[in-house]
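Same chain, two partners: chain A is paired with chain B first, then with chain C.
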Partner chain A sequence: MPENCIYIARSSAIAARALAGEMMVMNSADSTFFTLNEVATAIFQAADGRTPLREIVRDRICEQFDVDPEQAQADAEQFVTELSGHGVLLVSNQPLASEAPR
Partner chain B sequence: MMAAARKVTCVEIGGIPIALSTFDDGFLDLLRHRYDGFLSASRPEFELEFDLTRTVPPSDDDVRVRREGDEWLLERGDFRARWNLRTGRGTVRQNANPYSLDSVLRILHSLIVAGRGGFLLHAASAICNGQAYLFSGISGAGKTTMTRLAPADVTLLTDEISYIRPNPNGYSAFGTPFAGELAKAGENCTAPVAALFFLEQGPENRVDELPPAEAVRRLMRNILFFAEDQALVERLLATACDFVARVPIRRLTFYPDARVWDLVRNFDRNLERDFDRNLDRDDACNSQEVPEHA
Partner chain C sequence: MSLMSEVGQKAFNLGIPIAVHMDVTYRCNERCVHCYLDHDDHGEMTTAEIKDVLDQLAEAGVFFLTFSGGEVFMRRDFFEIVEHARRLMFNVKIKTNAVMIHEEEARRIRELDIDTIQISIYSHRPEVHDAITKLPHSLERTVRSIRFLREQGLRVTIANVMMTVNSSDHMGVQKLAAELGAHYTLDPTITPMMDGDTSVLSLRIPGEELPDIFHNPALVANQEEFCAPPKPPSEEDLEGYSCSAGHSFCYISPYGDVFPCVQFPLPTGNVRQQKFLDIWNLSPQLKEVRSIQAKDLTVCSSCSHVSSCSRCPGLAYMEGSMRGPSTADCEKSFYRTGVPTANMLRQGLSKPRSTSGLGAPLIQIQPIAVPA
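What follows is the complex of A and B.
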């Protein structure tokens, strides 16, 4: 995953619901189901297609959670790679139009 | 062309009557025999016309369910069905074998009931003391074992596919003719759902709570759902979250003998006792606080 400027957006082909501090996400194309923890949920909710991932990590993750910034960035990129592989997140090096409502 | 009339029988599963029609007398007999106990005189809400083919062998292929405008298209190697949402009518081309028939009906019901806030669950279910208990889990977890161990006063709803619909106070389970290893249709009756247990076999009987997110995850994994449809998936996830909020969901570790049913039978009583105990504890806490603030 190139780390310079990554933009992420939620796919329109998913259903998501928060429950007890965790986000449940289901891909309607293949019925894959994911449960996101608090950090992953924060990234997922901030995936508006306009905010660079590095900014999301800096402002949302490092601000809210006690994490090392470099480690947080690496973890976020890994998470984004995984979810984009399942069609849950869209990734681009240019701003994207978010497909899903917040 | 010779004049011919379709023969119709109405099968009501989950309180939803569907008219099934065919030109073939043998297939009609198969329908009536297979769904004996679920035949209904109710006015059908939906209609399915069966056109039989002898050229397609039974299939283990993955099923594909997709929507094209007002129509659902259901496809597998051994059947092809179209069902119109607006008219409630559909056609099925399939073998005259009961497995294709069951598959078509399961898929159709999963679509209908999902739109009404319910779902079909890969679970055994039974009525005990007027309440329905669901037993879900992976293959081999013990669904059929639980039904085999059930005492005589327990009514079996299914050992394979449970039919769940919302009611004003929660959810109800309905009997289904969809049998698993037991090879026996459930009773055609319904009761409010008292609990859903996810089964695991172990050296002793015990019941453990599940965190809500874990309960939803397990529930979604076991719901029968085939459609590649955004709106229905959203509805189903919302239903699963609501179900978890309204129905006690537990992990049931059990040693496969009849004593596990004592645990199930007493579950409601223990739940009420725990609730009362928590209430008493809250009252005690509140009453202790009064002097400090007085």
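What follows is the complex of A and C.
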């Protein structure tokens, strides 16, 4: 999948809430519980299904957190792969209908 | 410490209400002999009011939301309320007797990605369960509904309230839960009625029977540790707090009243009159609850059980003082470990006085009058 075409959306099957800037996420299917750090929380909150991941990384991560763009992109892709494996994020090379509100 | 415990501690330290229990109605299709509720409708919140409260709870940082009652499905708008809650991304748990859950309801619950459905079963024997609920065929109907829920792959917990009239049936209920693929929890707590009537406390199992429960490995995990004599309290223990009630947890009644806990009937405000966060942040009653550390407890601060007791400040409040002992928990601590509590020693008792007939007048939950 070409990395500039990755779209991500939050699954409607999850529960999520920010606690002091960090997101708590629980997948009801298996009660897996995660907490996301500030950077991961920013990606999660921007996962509207319409904005490409590369754009999220550029506009939300590199600008706010002063990180190397290539490293940030690699970390974001790893994070997305991990959370999609747990059913928390939906991933596609086409824009997705956002399942859950921000 | 597990990740979940860490998050709970963080919310506690920050004063974030991470978990809320909301009763959407006190109406019920069963009439359980031990129930503490008045089942008449004294003016429940409307659908719009509840949705507005849910919006406020999400804004306040609430993550874990339990819907209970009464019987939640007595509200025709219950699914609409749950759908709204899930849109707001709460982790939702439902407590129900399940009698009104059929295949269609089970399917909708699954589609809403509900975390857990907790269902009360009092006995595996219909004649005992139905005599407690006073609803004919209720066990049969509840078990059938659990099968529908399990067929949808949903997590079900069977809650077994233990009292005098079903005290010999817990193993049967546990076996039934295993057959149904449900989790099982046992609770020997019987709470005084909302109107202050303590007659239901006569259903509490006698303290002398508690050791059989506490020392039963089929009912209590890590039993050796659970029943071990208490360790001398450290300075840190004395700086500690009783529980999350009012710190990171609260209860909202069907009438919008906010309390520190479902078992702690101290009125702190009403969401029909104030914003939830104003109540949470500014209520003098909640501030008082939050200020009480173990060292401030009138009797318990000198008790050897202070660091390990399940002391419920709500039950203590109902006995007369939120800083005082909760006799039911003194009883549990004694029968769990065999070590007398400070509350017993000051009264010169060699065993706890019975909590099944507390005659003291109790503070009552009363809906706060709302101007028309």
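Structure notes:
Keep in mind that, in the parts below, the second predicted complex is superposed on the first by the 99 of 102 C-alpha atoms of A that agree within 3 Å, B and C clash if a C-alpha of one lies under 4 Å from a C-alpha of the other, contacts with A are read in each partner's own complex, and residues count from 1 in each chain.
In this text, a residue touches a chain if its C-beta (ideal position, glycine included) is under 8 Å from a C-beta of that chain, and two chains touch if they have at least 3 such contacts.
These numbers were taken from a predicted model, which means no experiment stands behind them.
Chain B and chain C, once both complexes are superposed via chain A, clash. Applying the stated contact rule after C-alpha superposition, one finds that A:Gln78 touches neither chain B nor chain C.
Of the two partner chains placed by superposition, chain B and chain C are both touched by A:Ala13.
In the overlay built on the shared chain, the residue A:Gln64 is in contact with neither chain B nor chain C.
Once the two complexes are overlaid on the shared chain, A:Asn93 sits clear of chain B and of chain C alike. In the superposed model, A:Thr32 makes contact with neither chain B nor chain C. Of the residues of chain A, those at positions 12-13, 15-17, 19-20, 24, 26, 28-29, 31, 33, 35 touch chain B in one of the two structures and chain C in the other. For chain C in complex with chain A, the touching residues are 3-4, 7, 10-11, 14, 16, 18, 58, 61-63, 86-92, 113-115, 155.
Listing the residues of chain A that touch chain C in their complex gives 12-20, 24, 26, 28-29, 31, 33-35, 100-101. Across the complex, chain B meets chain A through its residues 211-214, 216-217, 220-221, 225, 228-230, 232-234, 236-238, 241, 244.
The touching residues of chain A, when paired with chain B in their complex, are 12-13, 15-17, 19-22, 24, 26, 28-31, 33, 35.
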